[in-house]
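We just call them A, B and C in the order they show up, numbering each chain from 1.
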Amino acid sequence: MKVALFATCLLDQFFAGAGVATVRLLRSLGVEVDFPRAQTCCGQPAFNAGHWDEARKMARHTMAVFEGYDYVVLPSGSCGSMLKVHYPELFEGLGEEYQRAVDLAERTYELSQFIVRVLGVEKLGDGLKGRALAYHHGCHALRELGAEKEPILLLENAGARIVPWEADRECCGFGGVFSVKLPHVSVAMADRKIDTLPEAEALVSTDAGCLLHLAGRMKRRGKPIPIRHLAELLWEARNAA
Amino acid sequence: MPPRAYPKESQALLEARPEVRESVTKAALHFDKNRARAYGEVPIEAWRDFAAQTKEHVLSRLDRYLEEAEARLVEKGVTVHYAEGPEDAHRILGEIVRKEGVRLAVRAKSMLTEELGINAFLASQGVEVWETDLGEFIIQLAEEPPSHIVGPAIHKSLEEIRALFAEHLGTPEDAAPEELAAAARRFLRERFLKADLGISGGNFLVAESGTLVLVENEGNIRLSTSLPRVHVAFVGIEKLLPRFEDLSVFLQLLARAATGQPIGTFVSLIEGPRRPGEPDGPEALHVVFVDNGRTAALADERAHVVLRCIRCGACLNACPVYRQTGGHPFGFVYSGPIGEVLAPALLGPKEAYPLYHASTLCGACAEVCPVRIPIPKLLLYWRERAAREGLLLPFEKSLVRAYAEAMVRPSAYRLASKAMRLFPGVLKSETLPLVRAWTRLRAGLEPSPRPFHELWEEIKDEG
Amino acid sequence: MKARERILARVRRALAGRPEAALPSVPEGAALSKEEAFELFKTRLSAAGARVERLKALEEARGFLKEAEAGARTAWVSPLVPGPLRPRLPEAPPEEAELGVSRAVAGVAETGSVVLSSREGRRGQLLVPRHLVWLLEDDLYGTVLEALRAVRSENAAALALHSGPSKSADIGQIMVKGVHGPGELWVGVLAFRLEAAGDEPPELRDTLFQLVGRTLKTKRGEPFLVEMVNDRVVRVRTRGGAGKTLEVPVPYLERAAQRAREGADLSGPSRLRKEVGDRAAAYAWAILHALGYV
């Protein structure tokens, strides 16, 4: 099984450790992981803002980079849904390119879904015993990829307790370009998340963008709790076993 | 205040009146919770499919259904009019007002009459007009537009309403909600009994039977359509349903989506003016079919699906963007998710800019919409058109172009990655506009000491 | 009508070449037994803040009525309400009455609704602070769909579904009852045949009202609709193509009912003609039959 890691640009730059964790985790599960060096950004910011020509350009690049792998795994729900859901939309009616987009979409998985659905693994280890975590469901992971159960399952099966959080499925307000186009609404949304956040030792999510935004806001308000990328915790779950 | 002012208006509201955010969030989440429970009690997915398909069918043969509805209405003694926009609507209403000698009108909550500016028009004709829905009455006193399709006054706290009623109706400063409602009831009851004209919208209009359907909880719509001697209903051309029996699903779906009730407390099924032998009811009934941008929306093959909307407000309640401010900053009659996609469809993408950018594309709206309008997809559609038609700032276009160029050149990407670490101050800048938009309200970004693609070189040969 | 032509033309242009989207069939709900229907009806209406009682005999109905009368000095009463179920209060116009009494043409279990007709007048359904509605158990349907089918042939300018007292949460999200419409809704479900109840037999006049909106069959099996009842006549409409209307005089029905009580053989329309004459005897006989007189 030839698996390519698409680290995604935000994680590459801001959560490099989560990239390392992803590689080690997948290898520990017997997966041969490659990191195609030409990868950059999936094009989602341009796509969401309506610049589809530019988005197509980046998508073509990404499709070329990931040609030939059995699976493409992303430690990200947002970029995952860009490849899995929006690439085919982007090339709709464009014949051969559309086929390539669909083909890539079929091979693409968000990390936790890859582990549960493709590898069939539901228990990584016991490394999270006694840990109390708040889990933020990124919108695209949740509503476009349907990755609702997988991350929770893997965390809980490793002994973590996911604390109940009334706003855990609400959007954090990041939204890529939205966060700088409408910053006040964006942080008001973050504040709702932060104000309802129960006591937990860390705030976890599979999306780097959401985490950066929430962390930035918590820090500005002087009320930070540690943020952790899902991949790091899953590796801890496995590694401590 | 036009849609264009949304960024400024939303900021101003959040900064100056944080209590609005609190009221709206509380009310909308309450509605949404009830909706979620109510959806769980019925075969909701089958109903949503049915409703979406039925609406899609009507829209695909709208000309035929309009003609059928008109014929049935006329048979039942209804006078049918058509209005292309506000001017037509005003002319038609003006003629009725003159012919019938109308001096006092009561209005039953309707978003379409909001679109058409009916209140201001009637006032200009010397007609006294009263909003009779309690929420609408509150905002009429406050001289504000509605903030929500279903709960027009959800942005108002009890304290604000108390002050408003004390000023206008002389209720005590600390009146209980019951007392406030009773005061409104007394005040409006007098007007109901004296009004010459009742104005309503229409939730549905059944083509095969010519039935005008109105849904509410207070009884004010029934009163407005039963007591005055003339009833005028403004109905969007998209409100048609083919069959009387379709109501069995739509009535329940609408109520469950809007407030979580099994059905609206009062549902009116109106088929013409008072009949011989009936003790009361209006002597004349006019139905005005209104276009006001709907045929333009219909002509857009992708965007026409917004015309399925049954104005339940569920998408507003589910929307975290809407919940921060309520409807006012949107600067359009319809706000929230549906407003963001109705505005460009009815007004055109230029006029509606940048409402369709006021979304993170989180998808919560599409998850709840009873007629399955794919709102996030439509938002993307309008954004793409706006970019293609050059409606965005030239600055944005060049920025995106440069970004895309860099991203298809891995070497450029890596260079930028290095640069970011050589000049860490850039990401914390308080002066670069784009960075400042981030750092003003959030701590600056801190990149990992080394990017992952560099770390990879060290771990690639690990066991 | 230039606007009309222009709008229709724009619609046609917009739809040119667009295929007709399929129209799905209306989903049928689950069928409910009589008991289940009443239970659901009561659950829903009670949850909406209404008072609901199943009344098994005329005395029980009178008791319920008495409770509803409490504290009220005047009443508005629908002409569709039969004598024994009319309050013993001075009548007043709807805008003054403190109690309103209606007769529903149907009820719906799944939504907890009563269906009211404009034939009885609308003001009385809306302006009174307390609204009592009588509903025959036979007119209670499980689903909205069944009820809509049943009331489709009602000859009225307006029908209304009432599913609880008037309410609003527009003031700070706090639920307040009795905004504009009645603040109290009482529903008495009549689970008995009116004419079989009580010591004194009710007047035929009072029982005729329960037939309004129902479809009956003549002895030869021809269906017809009881469209309207007043003090003078029962108006029926034959089904089938043209659907003509006929009027059966109430005094004629009363004479026949009297003869029946005296033991005359009225086993069919022809016997009826012989005994009291022919005033739309086929329909008159079916009406008397439906009420249990013949």
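In this text, a residue touches a chain if its C-beta (ideal position, glycine included) is under 8 Å from a C-beta of that chain, and two chains touch if they have at least 3 such contacts.
These numbers were taken from a predicted model, which means no experiment stands behind them.
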| item | value |
| --- | --- |
| Fewest touching-chain hops separating chain A from chain C | 2 |
| Chain pair, most C-beta pairs within the contact cut-off | B-C |
| Identifier of the chain whose CA centre is least distant from the whole-structure CA centre | B |
| Chain centre separation in whole Å, for chain C relative to chain A (CA means) | 60 |
| Inter-chain centre distance, chain A versus chain B - centres from mean C-alpha coordinates, in Å | 33 |
| Centre distance in Å when chain B and chain C are each reduced to the mean of their C-alpha atoms | 37 |
| Touch list for chain A against partner chain B, complex | 7, 9, 11-20, 23-24, 27, 35, 37-41, 43, 45-52, 54-55, 57-58, 60-61, 139-140, 142-144, 170-171, 173-176, 178-190, 192, 212-213, 215-217, 219-220 |
| Residues on chain B engaged by chain A in the complex (per definition of touch) | 7, 10-11, 14-15, 21, 25, 320-321, 323-325, 354, 357-364, 366-367, 380, 382-388, 392, 396-397, 400-401, 403-404, 406-408, 410, 413, 417, 420, 434, 437-438, 440-456, 459-460, 462-463 |
| Partner chain C, residues of chain B touching it in the complex | 23, 26-27, 30, 43, 46-47, 49-50, 53-54, 56-57, 59-63, 66-67, 81-84, 88, 132-135, 138, 151-154, 156-158, 161, 177-178, 180-182, 184-185, 188-189, 192-193, 209, 217-220, 222-223, 225-227, 237, 242-249, 251-252, 261-275, 277-281, 289, 291, 295-296, 298-299, 301, 304 |
| Chain C to chain B touching residues, read off their complex | 1, 3-4, 6-8, 10-15, 18-24, 26-27, 29, 44, 48, 79, 95, 110-113, 118-123, 125-127, 143-145, 148-149, 152, 155-174, 176, 178-182, 228, 230 |
